[in-house]
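Letters A, B, C and D mark the chains as written, and numbering starts fresh at 1 in each.
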Amino acid sequence: MKFKVLVEVDLKAAIADPAGATIERALPALGFENISQVRVGKAIRFSLDAANSEEARQIVQLVCDRLLANPVIEDTSIVVEPVQASD
Amino acid sequence: MKFKVLVEVDLKAAIADPAGATIERALPALGFENISQVRVGKAIRFSLDAANSEEARQIVQLVCDRLLANPVIEDTSIVVEPVQASD
Amino acid sequence: MTNAEPLHRVLGLTDEEAAKIESILGRRPNHLELAMYSVMWSEHCSYKSSKIHLRRLPSDGPHVLVGPGENAGVIDVGDGIAVAIRIESHNHPSAIEPYQGAATGVGGILRDIFTMGARPICLGDSLWFGSPDSPRARWITDGVISGISGYGNAVGVPTLCGETNFDSAYEGNPLVNVMCIGVLPTERLVLARATGTGNLAVLLGSTTGRDGIGGVSVLASAPLEDDDESAQKRPSVQVGDPFEEKRLIEACLELLDAGVVVGIQDLGGAGLTCATSETASRGGVGMDVDVSKVHLRQSGLEPFEVMISESQERMLAIITPDALNKLAEICNKWEVSYSVVGRVVPGNALRVTGPDGEVLAELPASSLADDAPVYNREIQVPAWYEARNFELGSRAPGVGDLGKEWLELMGLPGTGDKSWVYSQYDHQLFLNTVVGPGGDATVLKLKAPGLPKTDKGLAVSIDGNSRWCSLNPRLGAKLVVAESVLNLACAGATPKALVNCLNFGNPENPEVMWQLSETVDGLAEICNALKLPVVGGNVSLYNQSGTTDIPPTPVVATVGLINKLTHRPPGIGLVEGSTLYLLGNYDANVSGSRWAIDLHDYRGGALSEISLPAFSALAELVISLVRQRLVVSIHDISDGGMVTALSEMAIAGGVGFSIGGIQDSAELFSEGPGRVLIGILPQSSQSVVRMAGDLAVPVRELGYCEGDRLAIGGLMNISLGSVAEIWTRPS
Amino acid sequence: MQISVGVVVFPGSNCEYDVCEALELVGAIPRLVWHNESNLGDVRGLVIPGGFAHGDYLRPGAIAKFSRVMEAVIKFAKDGRPVLGICNGFQILTEAGLLPGALQKNAGLRFICRPELVSISTRDCVITSELAVGSMLSLPINHFEGNYTCDKATLDELLQDDRVVMRYEHNPNGSIDSIAAIANQSKNVVGMMPHPERACDDLLGSTHGLPIFRSLLEAAK
């Protein structure tokens, strides 16, 4: 079975995010006053072949732990969706 | 009203994604054979104050166009959610 | 796009050009063939508007190994070492996607260098942005600088020199010129030629995708337009991959060292069409190219897309069939993909075939590469120039409160400290950087893995000045070269070669063609006088915002040789206890100066003429003084005049001065050519004065370097701290 | 006796020849070790040089840590042999778990290349035995991701065990406690963001990096 995967990698809440802070600083000059708590993470998308949803999730979790995120500073969230035959 | 916003910024499909391609090349050596079409984008999250959902979406679209993405090479997708009082 | 528009016009070809193609082929071209002509005959690739002018530039010299026309110029510097140099613009891509536009500019210039067999050791950049007050210009500025930083640092080539300019004239159309220098053992020199019937054409590097289709014909050879329709037509800018390029550099140099390659050429503008037709045409052979063999990023590309795609980080190597195994081994080691896409055949035809061997296009290779039309476009001298005012003294503004104007000038973004730019660039990699950015010329050791050992060193400088060139393109160009050469001299280096990038507006405007023609004549005049060969260049036209052409902006990069680089050159910093002298003539002409234009909006007057014999004598004197270690500090006077030079010297040395001997305030702001400030210790003064006398160079004692104030007779007395503070303040 | 010191090269490394040059200056025999070698041969010390291994894509060091050579490097480190990671090498050592913490983007979100003053915080590690505690060196930095980050417990442990090796005088990148270099528990593995190899030649302006390589060579003996 084919799956579409989205892994979002974000800095842990306790870690300062210079990229988010930079965007936040730039916003008022562009006329946006009401935006706060900007955080910049990564959105990693890929296709995966696996026997079933369960296996797919396990594989993705493993890829996250081993490669996609650094657990010292980052958290991940995972979305795994089967690809419809018609896709 | 308060809104939680997620903007995903991805390189357009026709554009090369060196980070995605490099990760994809590295995966087999880590024992992951069944992963393909890796693309790395940005996931930008922030809070926003706006009168209503409609206005919120408009503001976010403007922020995307003016600051977060360059339509010459990037596509954006937007999720805007009202924050429940209990949040 | 309207349906009625014929295809050739959509592709950017004129009706006459389409007719010429038909007569070359003796039939109507098909879509693929037309697409191939359209990219190769674009302004960017064919130089059709500038060719007849560029021929006037001197390009010969006993040490010139490769002149203009190849991917890079190459000179012999002795000891078995050759130096390759090249400059190129990436203006329009940087206007619409600053980071990637600049990054891919760096990628492209590097390929031009290592395709010659040279290892790139030095990058440089000449940047022209709109005013820092404009948000759009800021966005471009930040993007371009981080793009150069992001690509250059990651690919592992230091960025060692450059210039950063701000002027609202570049608001919508910034200039991003990048320069690269490479070094090679002389015997490794290779040319981009295909020879040997039966040899293979191998495409190395990145996959080919749909990005940058027609970049040279639509993006680089037409004005940028801001309406929505053209935004849709705009081809996407490419994304650069410095990691791919790094592996490509190592793989290609190893292929060359292994003697595997007969000829090699990078894929830049016009992609595979350019690389195949140019290598075949130069080698006087034909080539069969099978588009179905090209390794693709996505499926379903049309043959014309494959042939003109400008996907980055690709090279075309011509090898003998028995070398394929060795090539595979080296490519595998560096994880570089490759595919055999073509073969060298007898004749002169470039033939493109599909998966079943069907012929998709067949045309004379040389007609793509060499038969593009050459235009002698109309030239018109502007009326204001005919009426220009040589007697400016009466009209130029007077200097008011000197201290106040001094500080104002030093606070302009163009004058200010540029370390915020170059500290974002790796400028120490390879342990060659004796003098990095921040002084006059960059000075580096001539050293790289595999290069014969030598004591020699290189000096490099990049310079442009649109204020001078607007006032008088011919004289402005001469002054720009003079400044560049004087920068080298301040490092004790003899100039050896020059490359230029001619950034101009719309060539269909006769006054722009006048600027271009005058510029070329100015460059030719001074290069002939200095026996300085122009070994390469690049022309970027259609630089305009709306209908306004940018000011004429020729940019030159010069490279000089230091025969024995065993000591650090003196540098610009003042030394406590030394005496300041001025070398060169009195000149109080403020026309075209930063002070006149940026502070007083006075754009009239005429530049001071430069006497080439006197200039040569000055340069010779400066080189001798530095080589004989008679000066402890040295700085030429150019952009921003003596005010800027003196301030930079004081700040760099952390020492003030107390001087006299200045004839009037205007002399301080003048950017008149051929003046150099030197600091000398008492024991050297006699020799210096004598040597200056021998070469008939005027020399004037100004005063002492001491304390923490900048004091000029009764004219001014300000604190060094206040100047340093305003100069380093971020703009 | 001539000591050979390995310099590990990943695709995308770029300071390997510079480090070799510095090692030669102090009398070591440098040997380049390719990322997919599994045998370190007779090397007595290791340097993981700076650069952009695997383009720094995803995160610096994220992909490099899986190279075949890293198993050998980890074993070499566990055996107590001296290992120095410089810049990208430091990032790789943290990703590989040989050093704690992580290197995040600079607080100013800009690449920084310039000399910085650093003070030596300990002599008890393989790169500072020839230096005095409190001595100041001017060493070039050259990084985008040099902002050392770790949790409170890790920092306490580093301080407790005297494992902070160098601190910046003027914190350029937001590093916690101005940390520029740290050591592992056994003090044989050190990661540092500054580039000592860039400060080994008077002609280039400084020789402050030499004692670091001398100390490393001493430890390799």
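In this text, a residue touches a chain if its C-beta (ideal position, glycine included) is under 8 Å from a C-beta of that chain, and two chains touch if they have at least 3 such contacts.
Bear in mind the structure is a predicted one, so any value in this text is a computation, not a measurement.
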Centre-to-centre distance between chain D and chain A (centres being mean Cα positions), rounded to whole Å: 30
Mean-CA-position distance for chain D and chain B (Å): 35
Chain centre separation in whole Å, for chain C relative to chain A (CA means): 41
Residues of chain D engaged with two or more neighbouring chains: 54-55, 57-58, 63, 66
Chain A: positions in contact with at least two other chains: 30, 67
Overlap residues in chain C, where contacts from two or more other chains coincide: 241, 243-244, 335
Category of the chain touch graph - line, ring, star, complete, other: other
Every chain pair in contact, whichever chains are involved: A-B, A-D, B-C, B-D, C-D
Chain B partner contacts - residues on chain C that touch it in the complex: 96-97, 100, 206-207, 209-211, 234, 236-241, 243-244, 297-298, 311-312, 335
Sites on chain D touched by chain C in the complex: 11-12, 14-15, 17-18, 21, 51-52, 54-57, 110-114, 140, 142, 144, 195, 197-198, 200-201, 203-205
In the complex with chain D, residue positions of chain A that touch it: 14-16, 18-19, 22, 67-68, 70, 72-73
Residues on chain A engaged by chain B in the complex (per definition of touch): 8-10, 20, 23-24, 26-27, 30, 32, 34-50, 59, 62-63, 66-67
For the chain D and chain B complex, residues of the former touching the latter: 54-55, 57-58, 63, 66
